[in-house]
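In what comes next, chain A is part of two complexes: it sits with chain B in the first one and with chain C in the second one.
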Partner chain A sequence: MAVATINSLRVEIPGGLDVVDGLSLEIGPGEVLALVGESGSGKTTIGTSMLAHARSGARITDGTITIGETEILELAAEPQRALRGKTIAYVPQEPAAALNPSIRIGRQLEEVIFDHERHVSRAQRRARVESALRDVGLPVTDEFISRYPHQLSGGQQQRVTIAMAIILAPRLLVMDEPTTGLDVTTQARILAIVRTLCRDHGIAVLYVTHDLAVVREIADRVIVLYAGRVAESGPVEDVFQQPGHPYTQALLGAVPDISERASLVQIPGRAARPGERPSGCFFHPRCPMRIERCESGEVPTIRLGTAHHACCHRAERVAQSEPRRPAPTRLPKGAEVLLAASRITASHGRTEVLHDVSLTVHERECVALVGESGSGKTTLSQCIIGLHERYTGTVVLRDRPLASSVRERPKDARRAIQYIFQSPYNSLNPRRTVGEIVALPLRVFFGSSHRELHAGVRDALERVGLSAALAAYYPDQLSGGERQRVSIARALVCRPEVLICDEVTSALDVSVQAAIVELLRGLQAENGLSLVFVTHNLALVRNIADEVVVLADGRLVERGDTASVLDAPRDPYTKQLIADTPSIKRVGDITPVS
Partner chain B sequence: MTSGLAPVLGEAQRAPGAGFKPVPLWMRILRGSLHLWRVRIGLTLAALVVLLALIGPALAPHSASAFAGIPFAGPSAQAPLGTDALGRDVLSRVLDGGRTVVWMSLAAASFGMVLGTFFALVAGSSRPLVDDAIMRMMDVLLALPVIIFTILFISLLGPKDWLVVLLVGIAHTPQVARTARGVTVEVMQRDFVRAAQALGVARRQILIGEVLPNIITPLAVEFGLRIVWSIAAIAALSFLGYGIQPPAADWGLMINENRTGLATQPWAVIAPVLCIAAFAFAVNLVTEGLARTVAGVDRSTRS
Partner chain C sequence: MDDATVLAAGAETIPREAETAGRHRSRWILRRGLFGLFTLLVISILIFFATHVLPGNAAQAILGHTATPARVHQLERQLGLDRSILAQYWTWLSNAVRGHFGSSLAANEPVTTLIGSPLVNTLVLLGLTALIAVPVSLAVGVLAATRQNGPLDAGISAVSITLAALPEFVIGIVLVTLFATQVLKLLPSVALIPPGQDPLSSGTAMILPVATLTLAVIPYLSRLVRGSMIDVLGSEYVTMARLKGLRPRTILVRHVLRNALVPAIQGTALSLAYLLGGVVTIEYLFAYPGLGSALIAAAGERDVPVIQAICLIFAAGYVIFNMIADLLTIYVTPRLRTQ
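Then we have the complex of A and B:
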């Protein structure tokens, strides 16, 4: 007997365009169903539909959602509200935004009970709060219960929201990207908790995520979404080993994996948004295996195994094909040291955040700077570029020591080291056109004439794979991936020697990440660039870096050749990090917490 | 991870074909705000008042200083809105008395905006010490009541139009500076400013090229508010006798001159009051509409 069933759900936005259409799914007790897809695929919309809720502007126009015996879309507002939290609970992506910052966590947990069950005594409420906290592996001391959300770490906050969700013993838990933005170690812990909850309490989980490696770790079954439709569904093992939809195959090819170094395969084009969807199979314009039949008409759902289905004319063919993932060629690094930061100790205010860290980058080398949030990796890279001035130690570029502040560095040094920021949504001036943004460094460094500027911008945009016509657009008219390419173009026009990439793909979808990583790799090969690749993602490190530097709490804990560090880590911290990194190749090996 | 709806403006607006001309943000805001009734009404009303002030003198049936009858006479064919305390035609004086209020309030508001924005940009991009020094200076200025402050200087230097504009403008400065500094500090922390700093772009260039375009929309809204304030302040100063001097016609002054006859000839007071109120109300409507559109557009241009 299924806990939750969705039958041909349709969610519309104004104008009659659908975000999701004809979607059906079923979740059994104790089962984890992953809903995976890229931005705009409708996965969050389906998640909130489970609570009979649609975000403002959107409307559920068709279909049924049954939880247990109840058809929830037919209920009035009040009984719907009563179901939320009690029968169906929701865990949001941003725990910090979901918790009230001015109420102690114990009170917030008790309020959930109070809201739904008025007659529970204080002592009972307290007992249930404690048991919920125990379930998520948090301490149950008075001191902890009376903390405010800001006194908890991000992982602890997320565990509190999970405790809030399970405190009334719901039958279904909807989790919307609950570990995005958390460190891998914290993520591993959260995943283990989810597993335990399913096993011990029989809670069914709808796990919404974009991360295929996490799906492999946590889920029993998976549904791959594309443009609001099911592309493929089935048991995780089957889908990952024999994907029957070209989109699934492409996604798997785009994800970097910690276990092997391979080229990341890009998906051409971009996801079809509501209103710009093609006829026939929505994926056909981007599909490498399309045939004439794909371009119009209904797409059949083809059964590939028990419970394994793919919506593709050529599903059987796809399932048998072996995707190509060529190993990337690796350039020999140069002998000369290009950039050396030695004995850097930096502080934010009075707190020392970086202790005596050194880093050397050879010509044509890619050095990965790895660490979790707060490890000091961004601070170190900002010391190198000269944006973080409060440090001791030296930064040397080709035997020439540099001043700590970028303002005091010579023009040539400023030009040679370029920095690409994490979020392309924040690093481009929204009031300037792409052309003006890319032209700025040309004006600063080369004093180019108007015509040279024009040519330089066009050239740079083409080198990063953008149409020169985009120069006239504003950043908000571009997608995330396009924006990140623009920031790379802005760095490239400087003719840099070292490119510092600070988590440049963490705000992007996997298929876009693949494209950006391949672009950087290509630029490195073409121009002999050196890269400092700052990231928390070890799978990416495996795929792009020659050398790894691991930071923990502002200290360097391990450094060495990528293969030797990842295959035979010596430091316990590095070992833990590698063990916690989920892999699309590895079967879920998380042990439930007992 | 943002997902789902395409933004209302922005990416969705981008047509794949050729011939697409990107629309600058301020244009989008202007167009967006024109969909609001409050903006349409406000713009029409403000345009009417300004038009009245500009071409009014040419339409006036009498000279603003000519006597048209006995003092405080009611409406008649000779004087459609009656006469004022000295027997001059109220209609003619209303038509003649708008220019001063309109230009002075616009000039004072503009002056205050420029001064305030300048201090805000400097403060918001300086070391904490300089920042504090500037902003505390603004606080001191803020603590002085506007009317007392202007009256003080006008008593010393005599009532002159430019002096009133200057003083009212200075009185606006701290308010503008506080609003503008807040947004400046926010923009200064964004990555595109850091990116410009990393390129070694000079501070002045960063402030003008990167920061200013990003605070222009809240400043536009502030400008609207400042105009409304200026109208009130300048009308009040005229009323108190520190602004425009008799026998010149001026809406604020008229209220003062004719208030003694409010019971017998209310038109002499009501007409200028209505004009001032209409102008302030109209500017306020436009400001409010702009503010709403900016909020909506900003939401859709982020992420």
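Then we have the complex of A and C:
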């Protein structure tokens, strides 16, 4: 008997456009069902629909959602409320924003019990808060329980929200990207907790994510969403081994994996938003296997295995086709050292955050700077570019020592090292057009004439795969991936020798990430660029880097050739990082928490 | 990863810094207090020199136009007006710190006795206004925010914008016309309170002045509350509270109101400070014997010590109200008082 069933759900936004339509799914007790898709695919909408909730503006207009025996969409407001948190609970994506900043966590946990079960005594409430905290591996001291959310780390905050969700022993848990934004070690811990909850308490989980590697690690079954519809569904093994939908295949090809170095295959075009959807199969304009039939009419759901279905005319063909995933060509790095940072020790205020770290980058080399949040990797890259000025040690560019502040560096050195920031959403001036943004460095470094500027901008945009027409647009009219390409174009017009990429893909969807990574790889091959690639994602490192430098707590713990570091790590910290990184190919061994 | 690692990692503690936080807080309060005093000092300089460049001469003002130059000169010496301006400021300041504001030039009475009763009257007016306006603004703001864009919200918006657009004295005059003179004759149109008498005992006399000030403050405060309520209602932690299935009342009171309070606290402080100095016209309109009326009278008589004392009280009000607001803000915002 299913814990939860959704039957042909439709959610609309104003104007009658649908975010989700005709969606059905079923979750059994103790089962983890993953809902995978890129941003805008409707996965969060489906997640909150399970609690009979739609974000403001959106409306559930059709379909049924049954939890146990209860048809929840037909209930009045009060019984609906009584179900939320008690029978179906929700774990949010960003715990820092979802926890009330002015209420102690103990009280936030307790009020869930109080508002659902008024008869429970204070002492019993306290006991249940403690037991929920124990379930998620958090301390149960008075001191901890009386903390405010900002006094916890990101991983602890997420565990508090999970404790909050399981405190009334719900039958279904909706987890909305619960590990996005956490580092891999914390993510591994959270996944272990989820496994334990399913095993020990028989809780069913709807796990919403965009991360296929996490799906492989945690889920029993998976539903791949495209434009608010099911593209493919089935047991995780089947879907990953023999994807029957070209979109699933494309997603799998776009995800870097820690176990092998392969080209990341881009998905052309971009996801169809409500209102821009084509006729026929919504994916057909981006599909490499489309045939005429795909362009109009209904798409059949084809059964590929016991519970494995794909919504594609050519599902059987797709399932049998071997995805192309060529190993990337690798250019030999140059012999000459281009950039050397030696014995860098840096502080934030009075706290030393980087201790005696050295780094060399050869010509045409990609050095990955790896570590968890707080390891000092961004500080180091900012010392190199001259944005973090309080450091000792030297930064040398082609035998020329550089001043610690970017302001005191000669123009040519400033031009030679360029920086691309993590978030394309706030690293572009919202009041300048793309053309003006890209033209500025041209004017500053080369004093280009008006005509040269125009040509330079067009050329740069084309090199990063953007249409020259975008020069007239403002950043907020572009998607995240397009914006990050603009950032790259802005760096490229400087004719840099070293490009520092600070977590440049962590805010982007996997398909967009694949495109950006391939773009950077291409630029490296064509122009002989050297890259310093700052990331916490070891799978990406495997795919792009020649050399890896691992930082932990501001110290260099390991460095070496990518293959040797990832295949035979020597430092225990590196070993742990690699073990915690989920993989599509290698099914991990997450030990459940007892 | 084994269980022990999981638990050990869960126990990773952020160093407890309650004591340091406490010390940090009292240091902050001390700093804030010193800064307030410094502000007052700067204001005292401004007030003193501003009253000095006022046209007219105090001695001349006291003696009248018929006084001989010799007599004026003598009085100037007596009052210390012939000394350097810095020396005069120093004497004034050191006396003011001890609560001596000198003697009124016009009434020949110590300034403190002269403005004692008006100060009490003004504070009573202010207190009553705050007592009514703050809860009403909260209620109106919450009502409008929870029915955002509905007919009630639109109605409240229209009324409050109209009220906000009218100067207080216009509101006062309309109220007087409606309730005290032309239409109904329910209430007294002036609030004459004999010096020394408790203004609260004069009953109906207080109603119109308080109503006028209340109506002047509510639009501003309630819109402030509405705005911050809407921000908080749209926050993820309120969505989370709904998804946790909390009762609507719990959500409103515990999750929304408390976090929406901060702008309201700051706004209330600013309104009260504004009222303290801005009641001048209203006190005049209703002939209410408060500080505003006293200030107008003193300005007419070039009674410099009284002007200085009242201005200093207004300034101190600003500083004190804002300081209280900052302390309250810290109280309701744990982030500001814990590490």
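The criterion applied here is as follows: the second predicted complex is superposed on the first by the 593 of 594 C-alpha atoms of A that agree within 3 Å, B and C clash if a C-alpha of one lies under 4 Å from a C-alpha of the other, contacts with A are read in each partner's own complex, and residues count from 1 in each chain.
Throughout what follows, contacts are C-beta pairs under 8 Å (C-beta built on N, C-alpha and C of every residue); 3 or more make two chains touch, one makes a residue touch a chain.
Remember, predicted model here, so these are calculated numbers, not experimental data.
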Combined model on chain A where chain B meets chain C, clash or fit: fit
C-alpha centroid angle, chain C to chain B via chain A, nearest 10°: 30
Touched partner set for A:188, first chain B, second chain C, both or neither: second
First (chain B), second (chain C), both or neither touched by A:82: second
Contacts of A:102 with chain B and chain C, given as first, second, both or neither: second
Partner chain in contact with A:302 - chain B first, chain C second, else both or neither: neither
Chain B versus chain C as contact partner of A:478, first or second or both or neither: first
Overlay on shared chain A, then closest C-alpha pair between chain B and chain C (Å): 5
Touching both chain C and chain B, counted on chain A across the two superposed complexes: 55
Chain A contact footprint on chain B (complex, rising order): 1-7, 9-14, 18, 21-22, 24-25, 190-192, 194-201, 209-210, 213-214, 216, 300-303
Chain B-touching residues of chain A, taken from the complex the two chains share: 13, 19, 39-45, 55, 57-58, 93, 177, 180, 210, 273-275, 385-387, 406-407, 409, 411, 414, 418-419, 421-423, 425-433, 437, 440-441, 444-445, 469, 472-474, 476-479, 487, 490, 494
Chain A residues touching chain C - in the complex, by the definition given at the top: 48, 51, 53, 55-56, 81-86, 89-90, 92, 94, 97-104, 111-112, 115-116, 136-139, 143-144, 148, 150-153, 155-156, 159, 161, 164, 188-189, 192-193, 579-580, 590-591, 593-594
Partner chain A, residues of chain C touching it in the complex: 1-3, 6-7, 9-14, 16, 234-237, 239-248, 250, 254-255, 258-259, 332-335, 338-339
